[in-house]
Amino acid sequence: MLEKLKESVYKANMLLPEHKLITFTWGNVSGIDRNHGIFAIKPSGIPYDQLTPDDIVLVDLQGKKVEGKLHPSSDTPTHLALYNSFKNIGGIVHTHSRWATIFAQAGHSIPAYGTTQADYFYGEIPCTRDMKLQEIQNDYEYNTGKVIIERFKDLSPENIPAVLVKNHGPFTWGTDAYNAVHNAVVLEEVAMMALYTQQLTGNKQSMSQELLDKHFLRKHGPNAYYGQKGC
Amino acid sequence: MLEKLKESVYKANMLLPEHKLITFTWGNVSGIDRNHGIFAIKPSGIPYDQLTPDDIVLVDLQGKKVEGKLHPSSDTPTHLALYNSFKNIGGIVHTHSRWATIFAQAGHSIPAYGTTQADYFYGEIPCTRDMKLQEIQNDYEYNTGKVIIERFKDLSPENIPAVLVKNHGPFTWGTDAYNAVHNAVVLEEVAMMALYTQQLTGNKQSMSQELLDKHFLRKHGPNAYYGQKGC
Amino acid sequence: MLEKLKESVYKANMLLPEHKLITFTWGNVSGIDRNHGIFAIKPSGIPYDQLTPDDIVLVDLQGKKVEGKLHPSSDTPTHLALYNSFKNIGGIVHTHSRWATIFAQAGHSIPAYGTTQADYFYGEIPCTRDMKLQEIQNDYEYNTGKVIIERFKDLSPENIPAVLVKNHGPFTWGTDAYNAVHNAVVLEEVAMMALYTQQLTGNKQSMSQELLDKHFLRKHGPNAYYGQKGC
Amino acid sequence: MLEKLKESVYKANMLLPEHKLITFTWGNVSGIDRNHGIFAIKPSGIPYDQLTPDDIVLVDLQGKKVEGKLHPSSDTPTHLALYNSFKNIGGIVHTHSRWATIFAQAGHSIPAYGTTQADYFYGEIPCTRDMKLQEIQNDYEYNTGKVIIERFKDLSPENIPAVLVKNHGPFTWGTDAYNAVHNAVVLEEVAMMALYTQQLTGNKQSMSQELLDKHFLRKHGPNAYYGQKGC
């Protein structure tokens, strides 16, 4: 069932090594069919060069596997929590991509320093808080989703499609699996440039709100004019 | 019309991914035919692996599209402003290449630290000022060109074929589209080396004027002797 | 003899250039057959693009060459010391991979800053002490093994499958030659991210013990649940 | 004439792009035939992808072109000065490779921090002094050779086969053109690692003399035992 979804999630997974976002099996992509309330996700620990569309596992929004001969990614409960809470997202990516992971390990958010970030993220990319002992020991992966959701209490997941999980690494999301991978690539790029921007300036002074508005809104929302819209 | 110009601008655009100067569609190249007063530019938001010479858009020096089925790059008004003001340039490149963008995000110029820079840039590579609220809100892309031109009030665009737009990224130019891409590659290289040179020395002390003169002038102007000139 | 071991050690050696862990001949991989008490190792100074399975040298646990037309790696006595002392390891890798070597040159251990490290290393990756004059002048390579073993007096080689030899570079090990290479790739990745994590935070505060436990133990030991175990 | 020399110098030049040591035409390799007192060198400003063995220019030790339809590299007088002064070298390389050039731009020597450097360089890699106004204005390239030679007054070019020319970039040499390229690769590797080693430790404390001796002498001189010597 949902062959088209599985195929697209397979292809989105295969973009991770192509964009050099992962080493070995350190990452996973999922995509959801909101009508069926089912998401497709990479199986756990399978090397990318052995992965086939048939290996993709289907899981429902209660977290039950509904199809697949393999275990789904060990991060499946994190994806589950996010899909249940962020109603408008269609795909999720987790990686240990270098520059984003460095910010996650430092426990620092990524301030918006330039238009590259503003084109995709409407402000800084937040980092989650430390997880508590009981959150780590029981239902760790599900609680990882919970701390992300807590961090977005006053933020819009549509406007900020990424988060850094402290001491761990990034999660990104998007309108579908492919778009979530796209955002993972952008995140890595802006993380690298933000780190050196801080080194050059010696502070964390972000760009002006006006320039942030201009760039985000020329690509997103009703007044967007970038690309071939209406052409 | 101007098939040869469109072909050369297409080829120059395709050099951006080859030289790893861009991610996704974050960049554009244009080239001008000064006799016709028309420049050719990449269409907006088209992925490089789908781009064809036919997609290249022609625009006149009043900013009117004169040929092309697609919207031109959203940065077209910036190119327009530069072509109208810098009368001797034949091509323009905009990218978000990493190291140059880092300096742009920091709002720092790139001092001349060595002969690699001196071979192409006759001094430091300047960074523009903050744009004002009204410059951002109305005709933003055209005003981006205006602040570049303002920055070059006392500088020669022929001798310094690049600028960093604050919180945004680099623009480079040259005798034609191909040469502008060449300068974009050089800019990225000298930006990377300048950043670490500053980290090693802890200051921004540039090279001597004598050595700068020697290297720039052995490659440019009537007494140049690098390469196969007159061979 | 031991053709299968030689073949696997050959293949593991060839992974070093593939993973960009070495320049020229700066590295070697060995693997041991514990039943025969013989290990197979790369010959000294042979370029990787000329290496064949037949060139692999067999050495016994007294350090005597038992097969092979070439000299074994000059680091053979280090491998010998480690195999004799770390009874459960099946393969060893030495490289001068950039980021791990930087920590070795600085004489710094790599603290555990994130789950990438915790998934493979149960804590910090240690650096050895300075070698003494007589340790350098006589039996230098064997003494290199001795200072590694000394460093692991209170550490488990199974739980921390890597070490940094001061002013030299990393050694990693694993269940076999292939797994030792896998750990060499991980080491390089975590070293790079650790260096920049320290630059961002300005300190060496490692991750919490609870999160370290969680990630190491979800991949290792009787309660591991990552991957397709029991599937 | 000297077809074999020209062929080997051509091949050595083509290794520069392969090892990613150059951008565009920013580099050149030469090799000398000491019996004929003639060296072969890359022509000036010819892109590497257009270079052929026939383009290689022959120059004698008085600096006179003895064969070749193209101008030799603009750095030819530097090569000339070095061949005349360093009697035992057989090949010379100049590049603007990133990490070595960064040290050159900073005017810093590269201290010996680890065995990677000690395997090839018997101590720190020196940087030249500032050139004087008259040295820059007249016979600049020949004077570049002179300041290198001055820097080696108390150093052995055989034991330290590289130099950083201040505000410019590296020159390396070796027993022949191929070996000089080999040393250029090593230089780039040790420069990168040295820069970050300094950042980690916050000082310039080099490795011990004993370890430096051990590694240099196990690869060089009468007691060398690395590789397949005598096998």
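Structure notes:
Order as written gives the chain letters A, B, C and D; numbering starts at 1 within each chain.
The working rule: a contact is a pair of C-beta atoms (placed from the backbone, for glycine too) under 8 Å apart; a residue touches a chain by one contact, two chains touch by 3 or more.
Every value quoted in this text rests on a predicted model; they were computed, and no experiment measured them.
Because chain B and chain D carry the same sequence, their contact can be compared by residue number, and under half of the numbers here are used by both. Among the other chains, D has the CA centre that is most remote from the centre of chain A. Chain copies chain A and chain C are related through a rotation whose angle, from the C-alpha fit, is 90° to the nearest 5. The centroid of the Cα atoms in chain C and the matching centroid in chain D are 33 Å apart.
Rounded to whole angstrom, the centroid-to-centroid distance between chain A and chain D, based on C-alpha atoms, equals 47 Å. In chain A, the residues touching two or more other chains are 199. Contacts between chains, counted with the stated touch criterion, involve the pairs A-B, A-C, B-D, C-D.
By the touch criterion stated above, chain D contacts chain B in their complex at residues 23-24, 26, 43-46, 69-71, 74, 96, 98-99, 101-108, 130-131, 133, 136-137, 140, 167-169, 195, 198-199. Listing the residues of chain D that touch chain C in their complex gives 113-116, 119, 182, 185-186, 189, 192-194, 196-197, 199-201, 207-208, 210-211, 213-214, 218, 225-228, 231.
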